[in-house]
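Common to both upcoming complexes is subunit A, partnered first by subunit B, then by subunit C.
Entry: the complex of A and B
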């Protein structure tokens, strides 16, 4: 760039502006709203989320009700996704499976993100032996294949969680602590949350470590900014982008893991509805009644794909470098 | 030069960092003496140039003055207040009076903040203006440093290095500081842009009546901007003099070698000066005696044992070298 241009505006922007001052967050929202794939992903995700929340209202049948006159019927007007070998309505079961999937995935990604955020940030900020211990734990957990570790944890912790919930039932008398389905939710949430948090922890730790050394943090301190200002105005906007993206993707991953564990028979227990479990039960009917596998499988793929779209769009939106103007 | 009140005076400033650990845990750690016994002062409206090779502690002096790095010992008097003794809370309101322009215009701007926010950040932190006046003030600052105010909503990556450095200058000037440190503000820029930024700094200095500490390893820039120059070597000031005097009659062998390293050293009236050899010793393990003794062409046995003190060679011209006490050794 030549010397003359440097002093001048690089394009023909008006010398006086009419627009309001923008912030990082308003720019990010604007950029996201113009990303059509991201908006499509968000739309699909929100529709499926609403379907999961209002599953009871939408479902045409009780998801456990067996209709012995309608066994293994392919999709038709009465049964949108057909019926399974016990005559249960697959559409209703997929809806209830969505409820399980969203609930469990939300719990898992919230818990693992929270733990990862705190562990990573504390590890980076405190340093010393805290850092060494946290990094050691995270590396140890990450060194196992996640699905094996999650399966192992779910099997090992089952009796502990069982005695915990029966203890809670004895002291509170609340029916939810006696419910076997809720119990299997807890086992799955604990097992997957246990293997998922180090991913977030490592990300946050490395981000905070590299940001702490950046000159713009020092520049803010030279201006007189305190720790709170630096954290809110500089650290969070710079870290939160990747945290939100990772959270979005971890939500999809948590769904996949829940289905995998249920598929293996160590996740959600019957009578709870789970897509993984539905696929497992229909495995022998792959040729005769493929819709039994396709329906829950397709829904699962659709959610995970929509989250990928949303994650990608967020990644772009939260990085000013990729904004198109 | 009339005698003006001193805006900044630094006395016996030392900033040491813990270095790498020694072999065994109980042996403790080594110490990096980044800044070792530095004293100087800058009068109101004057500019002090600070020169030296990379790694000699120039930037640490800047950060120690602003208390971005807490000095190990010594005094930093800003208008008579010792900054080293102040707690962070008490220091914060003073920060609007002293600002710094950083070397790297890429790393020193938050990539996720609009430049309008970056420039106005100091005003927001110190609550100096209300919401409405903020935009006006930011626009004024942008015009002052030669940026179009229409770009307030843009992000740093949309600008060239020179434009970013202008943002850095505007940010530093936002709170109307009395004292500005330029920590190698031009070394990361193209040569053509360097001249622009230097001239901008010179204009702004005159317009805003700024006192400056200009740190650079570019001797031409220092000569152009400074009233006085201090030469640093391995954490110590080895020579300090008014600019003309230092460039015409450098007293210390290191200064002479430094000046000689600039192409066409015409100003040293034809005298042959030995060129600088070897590497800067590690501040982890500085040589005994004079720190420059390992590379000095005039080294004497005494240089290996004692450290020369900074002595006045002539009025206002100080240097730390044993040769200067001894008339029989003309340099």
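Entry: the complex of A and C
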């Protein structure tokens, strides 16, 4: 009760009161909702995500069904995005490709964020030889052109993961481990996750290192706060903003890398649907049937662009100080 | 200066050793029994003991991994990267790379030239007119250009620019030299990737300089904005941009995998892309190593240029 009286507006202050106190997160949400490109990106992303989740319900045809009477038909009323050289409906395939892209990207960015968080935080907090080793590994991984490394890893680990899944199939008898499409998912997730985590790791390490030296942490420690309190109350909330931004951007990158590998023929294997693979298969028909490239290509670009907009808006909202530059 | 370059080169050696050992071991163990894999591929799924023994012997698979790695490294330093067993005629990998690298290096320098000549002025304009409609439009355009992946942008630009508008001659006939019209489109597609980063960095750098006290002092002395920008802003804001140019090298080399395949240029990227598709681990390993060397060397070159341009950086 007394707190409310203390908060009563005095002299010239405006006579309105918010029912809730302003927090960092409510400010960030307010700032984000005012950012039109960010909201547009979020809208596009959510729509495509819903399309991916409900792909089975939305798709007018089976994405593998071949219609030999309708080969290479340009977009029309029956086939919104036309049909490919086997008479498969491109719209249904783009929808299933969205499902692949979102699923793989979610797995990759979750895995790489988790590894990066732990590696970065441990390296910064423990210091010493742990720090040196982790920094060495991250530097070595980052000195490659990352798409090359992902492609290389996906090629060389294929046989190993193959023997692993066949071993799992032999011991469990689950058909899942014999599925070639799931196998190629695993290869892609491993290869890209392997390449992606140092970006998060480096960010978290540098953030924790710089936060540790800040006066408010020192003040908390001087007041007798333990490591757990400092970590939960000060480190995590302060790092979280950058982590969310990087997670958003890594989600888009993971999608890009998945389709890049599939484009090179070393990612998602047929009959799995992937935008990259669709574009690769249509390259020879560039002149006659450009829509075969345009449809999956534009969808992919749209998702990545929307995530870029969301990431930028989140960055403005969650790291207000970096914005002033 | 000479000592600086030498010490930086020496600093790269341990990193290169780690990277090459990593790539080599990954290539050797990840793939399982390479000799068996190659034998099955070569003899159409049949197991040919003689061929298998030959592969085991040539690849040194009976030696421990340390011996294999040192042999490989010693040979690589002498310019012998082994053979590609998957490609037709089992060519020497070093020969493949020597033929293809010049094309890629020329293409990448053309792309670097294009992106520098476009992104830096645009970044400058966006900073000078910050938060205006022009600024937003240019940054949005750069975002679109850079987020569309190279393997979508290249075919789309071919459809629009070559097939619909007939602005450039048809492409895909191979490498026609650095100064031919056929090079413009692939180089531009390659340049699109780092475009946004460069625009943003230039913008931030110019804004940073504009907020400095010496700029205010220059205005206070009565200089016009044109004079201030030419004499104070340009040089001070563009020096840091050089560092970003070094980082774009990796991105450019990475995109050659797609752009060269689409435009049918027989460069380094296409050699490695084909090796990856065919599961040719020997060539892919060599390619990864060479790509890393290119990236590390370009970052070294950038550091040297930076030291030469910015007198405040001390050589230590």
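Going forward, the second predicted complex is superposed on the first by the 297 of 325 C-alpha atoms of A that agree within 3 Å, B and C clash if a C-alpha of one lies under 4 Å from a C-alpha of the other, contacts with A are read in each partner's own complex, and residues count from 1 in each chain.
The rule we apply is simple: a residue touches a chain if its C-beta (ideal position, glycine included) is under 8 Å from a C-beta of that chain, and two chains touch if they have at least 3 such contacts.
Owing to the predicted nature of the structure, the values given are computational and were not obtained by experimental measurement.
A.B. asks: If you stack the two complexes on chain A, which partner ends up touching A:244: first (subunit B), second (subunit C), both, or neither?
C.D. replies: Neither partner.
A.B. asks: Touching A:264, do we find subunit B (first), subunit C (second), both, or neither?
C.D. replies: Once the two structures are laid over each other on A, A:264 reaches subunit C alone.
A.B. asks: Can A:136 be said to touch subunit B (first), subunit C (second), both, or neither?
C.D. replies: After superposition on chain A, A:136 lies in contact with subunit C alone.
A.B. asks: Given the touch rule stated above, what does A:222 touch, subunit B (first), subunit C (second), both, or neither?
C.D. replies: Touch partner of A:222: subunit B, not subunit C.
A.B. asks: Quick one: classify A:121 as touching subunit B (first), subunit C (second), both or neither.
C.D. replies: It touches nothing on subunit B or subunit C.
A.B. asks: Is A:111 touching anything from subunit B or subunit C once the two structures are fitted on A? First, second, both or neither.
C.D. replies: Touch partners of A:111: none, neither subunit B nor subunit C.
A.B. asks: Figure out whether A:300 sits in contact with subunit B (first) or subunit C (second), or with both, or with neither.
C.D. replies: It touches subunit C, and subunit B stays clear.
A.B. asks: Which part of subunit A faces subunit B closely enough to touch in the complex?
C.D. replies: 1-3, 6-9, 13-17, 19, 21-24, 27, 214-216, 218-226, 229, 233-234, 237-238, 241, 318-321, 323
A.B. asks: Touching subunit A in the complex: which residues of subunit C?
C.D. replies: Interface residues on subunit C, with respect to subunit A: 15, 18-19, 22-23, 26-27, 29-32, 37, 140, 143-144, 147-149, 151-152, 155-156, 158-159, 163, 204, 207-208, 250-251, 253-255, 257-258, 262, 272-273, 276-277, 279, 281, 284-285, 287-288, 291-292, 295-296.
A.B. asks: Mind pulling up the subunit B residues that touch subunit A in the complex?
C.D. replies: Within the complex, subunit B touches subunit A at residues 63, 66, 68, 88, 92-93, 95-96, 99-100, 102, 104, 107-114, 116-117, 121-122, 125-126, 135, 146, 148-153, 155, 157, 160, 162-163, 168, 171, 175, 190, 192-193, 195-196.
A.B. asks: Under the touch definition given earlier, write down the residues of subunit A that touch subunit C in their complex.
C.D. replies: For subunit A paired with subunit C, touching residues are 37, 136, 139-140, 143-149, 151-153, 155-160, 163, 252, 256, 259-260, 263-266, 276, 279-280, 283, 286-287, 290, 293-294, 297-298, 300-301, 304-305, 308-309, 325.
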